[in-house]
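Two complexes, one shared chain (chain A), two partners (chain B, chain C).
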Partner chain A sequence: MKGQGRGLQAYALLYLLFLYAPIILLPLFAFNSGTIIAFPLQGFTTGWFAQMWANATLRTALTNSLIIAVSAAILATCLGIFAARASTRFEFPGKGGMMGFILLPMVLPEIIVAMSLLVVLLGVGVELSILTVILGHVLICMPYAIAILSTAFSSLDRSLEEAAYDLGETRWSAFRLVTLPLVMPGIISSLLISFTISLDEFIIAFFLAGNQPTLPTYIFSQLRFPKQIPMIMALGTVLVALSIVLLTLGEYFRRRGNARMGGNPTGGFL
Partner chain B sequence: MTDDRKPMIECRGVHKHYGDYHALRGIDLTIRAGEFFSLLGPSGCGKTTLLRTIAGFEDISEGAILIDQKRMDEVPANKRPTNMVFQSYAIFPHLTVAQNVAFGLRRDPRGKAEKAALVEEALAMVGLRGFGNRAAHALSGGQRQRVALARALILKPKVLLLDEPLSALDRKMREQMQVELIKLQRQVGITFVLVTHDQEEALVMSDRIAVMFEGEIAQLDGPEALYARPASRRVADFIGVMNFLPARILGEGDGTVTVEAPGLGVVELPARQVSRANPDDEGPMIGFRPETMTLVGSNQTHSQPRETSATIDEVVYYGDMTYYDLRLDGAAGLDGRARPVRISMRNVFGRDVQEVGTRTRLAWSPGSLVLFR
Partner chain C sequence: MAKGLDAQARQGYALIAPPFLYALLILAAPLLTILTYSFLTDGYLEVVRDFTWANYAQVWTDPIVRTVMLRSLVVSALVTLVTVLLAFPVAYYVSFMVRPEKKATWLFLITIPFWTSYLIRVFLWKVILGYNGVINSSLTGLGIIDEPLTFILYNVNSIVITLAHAYAPFAILPIFVALEKIDRSLLEAGRDLGESRAMTFWRVTLPLAMPGVLAAVLIVFIPTIGDYVTPELIGGGKIPMIANLIQVQMLALDNRPLGSALAVTAMAIVALVSIVFLLINRRFLKVRS
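On to the complex of A and B.
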């Protein structure tokens, strides 16, 4: 039994190493003064970060990506709220099928979504821009947003909103004063997940962005130039740091909201 | 109970359809101002639907609902002079107790200090003085219920609607809250409309009770009348325990019916003791409550007009009460089947619990019988 436990421990350790070692290498080489990604490390520098900051194309790509991710996250979450509320509160004909089809992009190969969108957009004569990427990203973020928000809405006692209405509020103010604060942890989760999905999405951005770079397409294009790789490492370091901060923030808000309502501190994404 | 108080809620021919489902089938009902009124029935009888149509959460398909003599057709729930205590209490978990209670005052133009005083007054009324700053989610079931009451009553509604408010509480708490609700209702003088499936709860708390089956009111009466003179065998079955014996109608006279029941002999009952049988009953039935007959020991006397001999088949001792299952002499007469009847006796000091197999006498009065035909 003890030997078996050892073996499982070693397996778990190896697994984690495989998962995180490459990510730990990112900051290592981002601060390494050598231009080649290899050990031994040469010396400490912050030059790659400076070079990254000075790179105008990268800045455009970053701005584009942020605009796309923020817009896609907000749009997907707003639409997700409507869908989640409708599907948890009301019964209507074709509800099952409708919700199924909305959730389908979660398992649909992205390349198919991207290609068919491209064909349709070109056919209709829409010019490719970050706007078309936003549309594509909303499409793939929606299933995740709805899955998260449905959970939040379905755990809500529907008489809460009725009670607020009964106490003199309008339908809208009852929603705003009672439902919205109670599903806020779900909304924040949905925003964060959608933002993250959109930020690192490659295929749709590659197909639908026209000549506008996004971070993933820019990074992909730069990998051909060995000279640029340390700078990409610096960029990766910034992105990892940003992700950790965002997820920590999201989890903090979720737990605080949960504690305030006396909910069970389980679930969520962390 | 004075009957001259003005009507507070009037339902006139109220129907409610959900698609093919006919939830309310012509409800005609007047609830008077200041009354503690209960809608009692098994689940699915339409009592909650009726309450929600009065609150304005559900539209009615046909008919009219008037509250304080005004038609409510176009008045949404948030503009009606009613407030509701929900089955789940629907306490807002993200707010404090005081914020919950003050929720309905948001649109009230009064000042902050005045509102705070109202909240404190409402909390004191339900026995939660000083609980204002507690987080609502940290309250016990009974406390949540009190907050829900305070939150509804602070708006001084003309009608307070209570949807199975005690069903989530344990037995002790429920009995305590029943008494508190009665006191509270007397204190504020607001019309209370309670929905419940618990007949005991309805009997304890209400001035009048409407018993509902399948979207219709089967009987509307005070608790005593409902218990002693159920309008139909179905109502009798639903409220408390009743013994039924097959009967034979011998003749009808001037406002009376002469009946023979095996074991009880021939009795003449006035019309007010005659009710409706169930459609699937084989024939007329005589019914009586377990506590309306008394076991009499061999050396005891009694003042009841009638007496029947019986044999004790079963004894169930409950501490304060003893239940006896008896076979009445001659009860198997009509069709050869033995029909046990259940009698309950209070275990007062000096009265021994009788043993199984004992021959005994039963004292009773025809006034406690009900004929279902």
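On to the complex of A and C.
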């Protein structure tokens, strides 16, 4: 038994190394003074970060991405609350089908979503902008928001709400005063995950943003120029650090939410 | 009682309406539009409203389309196979060997890389696997090989490795969930009845984990077939997959009916493969219910 466990453990650790290989390399190249992304490393520099900081297009792209990600996160979470509440609290004919349809973007190739939406928007004559990107991002963030929020809503003790009704609260005030605070960790976690997905989403932004840059489309356009790549590595390092912070926060809130409702601590973001 | 049900159903519908209508407007309407477009004729700068099967005829007879479609299917199948095979032992380890209080941390560690910039991860795989890349330069540096390994250079293999990395959590999580649900006393029963550890795994654990494995297969297969970034960055545009072809038809050549026919065909093939796969594995899915 012990031997078998050891072997599996070694394999699992190797697998983690495989998963983390790109992330470990990223900062090495970001602080490397050589202009070519290859070993051996040259010397230490923070020049690429300075270059990144001074880049005006990058700043526009960042602003656009932040506007898109914040809007998409809020809208997807709001819509997600409706769906999660409906699916965990009420029974009605056709529920499975409707929920399945809302969750469909999770498995649909993004290129299909992006292309079909593009064709319709151009057909109707809507001008492409960051607004059209937000439309697409809300659609693809919503299933993830619902997955997280459903967990939060389903571990909710219904008798607490009923107690509130008995104490004279209306349906809305009971929701606001009892349910909402209890699922708040789930909501924060959903906002963070949606924000992260939107910030990193490339395909939809690539097709629907018109001539507005977002962070991923800017990165994609720069990967063609070898001279720009060290700066992109610096940008990547910052982004990775940022996502790790956001995800750790999200995980913290998810666990706290679970602990508050006495749930078990396992389960991931998906 | 019937009235109570009605009230409950009404409330349910009222709640689900906003997200459902949003999905109808932003997803169903566009999908129907490309379905319609795929039967229309491409005119100069606009789509002519003449019904035709010509786009589909072209999609099914064009050798380039056939090559690319076939390549997409083969690459996705390979990615799915590699990802699920690599992921299963990890899911098994976390579910059976890791202490309960540590499980969440393991899952968290597994999902973190997935949330970091996809483009940069793909690009770094090109750096790792490339001609002067991390693997080749360290192996030549150590004197293990003289010439850089060519089987991982900007080809289908490197696309498979990159995608297997990108979709790892999609495979691990469903398998983990299925393994977690297995009643541990069943395994003890298997052992008590004189089965060896390997036989218990083969006859009890694996069949019970199958729904998770099947979910993992579908959840990896479907999105990888539509991947646009990896062939573009790793293959340098020289080994396109179906998404790249759709993009070229839709935007570069501005032939929306043909692009739509390609997209619809791709979706139909994916749906067909998934359904056949589910039917073949009906036996395993019944175990749960």
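To be clear about the criterion, the second predicted complex is superposed on the first by the 245 of 270 C-alpha atoms of A that agree within 3 Å, B and C clash if a C-alpha of one lies under 4 Å from a C-alpha of the other, contacts with A are read in each partner's own complex, and residues count from 1 in each chain.
Heads up, the rule we're going with is that contacts are C-beta pairs under 8 Å (C-beta built on N, C-alpha and C of every residue); 3 or more make two chains touch, one makes a residue touch a chain.
Not measured: the values here are computed from a predicted model.
Please work out whether A:Thr35 is in contact with chain B alone, chain C alone, both, or neither, and reply first, second, both or neither.
neither
Identify the partner contact of A:Leu182: answer first if only chain B is touched, second if only chain C is, both if each is, neither if none is.
After superposing on A, A:Leu182 lies in contact with chain B but is clear of chain C.
Now for A:Ala164: first (chain B), second (chain C), both, or neither, which partner does it touch?
A:Ala164 sits against chain B, while chain C stays out of touch.
For the three-chain arrangement built by superposition, which of chain B and chain C touches the greater number of chain A residues?
If we count touched residues of chain A for both partners, the winner is C.
A:Pro109 in the overlay: touching chain B, chain C, both, or neither? Say first, second, both or neither.
The second partner, chain C, only.
One more residue to check, A:Ser154. First (chain B), second (chain C), both or neither?
After superposing on A, A:Ser154 lies clear of both chain B and chain C.
Would you please give the residues of chain A that touch chain B in one complex and also touch chain C in the other complex?
Looking at chain A, the two contact sets are disjoint.
Show which residues of chain B lie in contact with chain A when the two form their complex.
Per the touch definition, chain B meets chain A at residues 55, 57, 77-79, 82-84, 86-88, 90, 92-94, 103-104, 106-107, 135, 137-138, 151-152, 155.
Using the touch definition up top, name the residues of chain C that touch chain A in the complex.
5, 8-9, 11-13, 15-20, 22-23, 26-31, 33-34, 37, 86, 89-90, 92-94, 97, 100-101, 103-104, 106-113, 115-121, 123-125, 127-128, 130, 132-134, 137-138, 141, 165, 168-170, 173, 180, 197, 218-219, 222-223, 225-229, 233, 243, 246-247, 250-251, 256, 259-260, 263, 266-267, 270
Which bits of chain A are touching chain C when the two form their complex?
It comes out as residues 4-5, 8-9, 11-12, 15-16, 18-23, 25-26, 29, 36-40, 79-80, 82-83, 85-87, 89-93, 95, 98-99, 101-102, 104-105, 107-113, 115-120, 123, 135-136, 138-139, 142, 146, 196-197, 200, 202-203, 207, 216, 219-220, 223, 232-233, 236, 239-240, 243-244, 247, 251, 255, 265-270.
Which residues, counting only chain A, touch chain B once they are in their complex?
157, 159-160, 162-170, 177-178, 181-182, 257, 260-263
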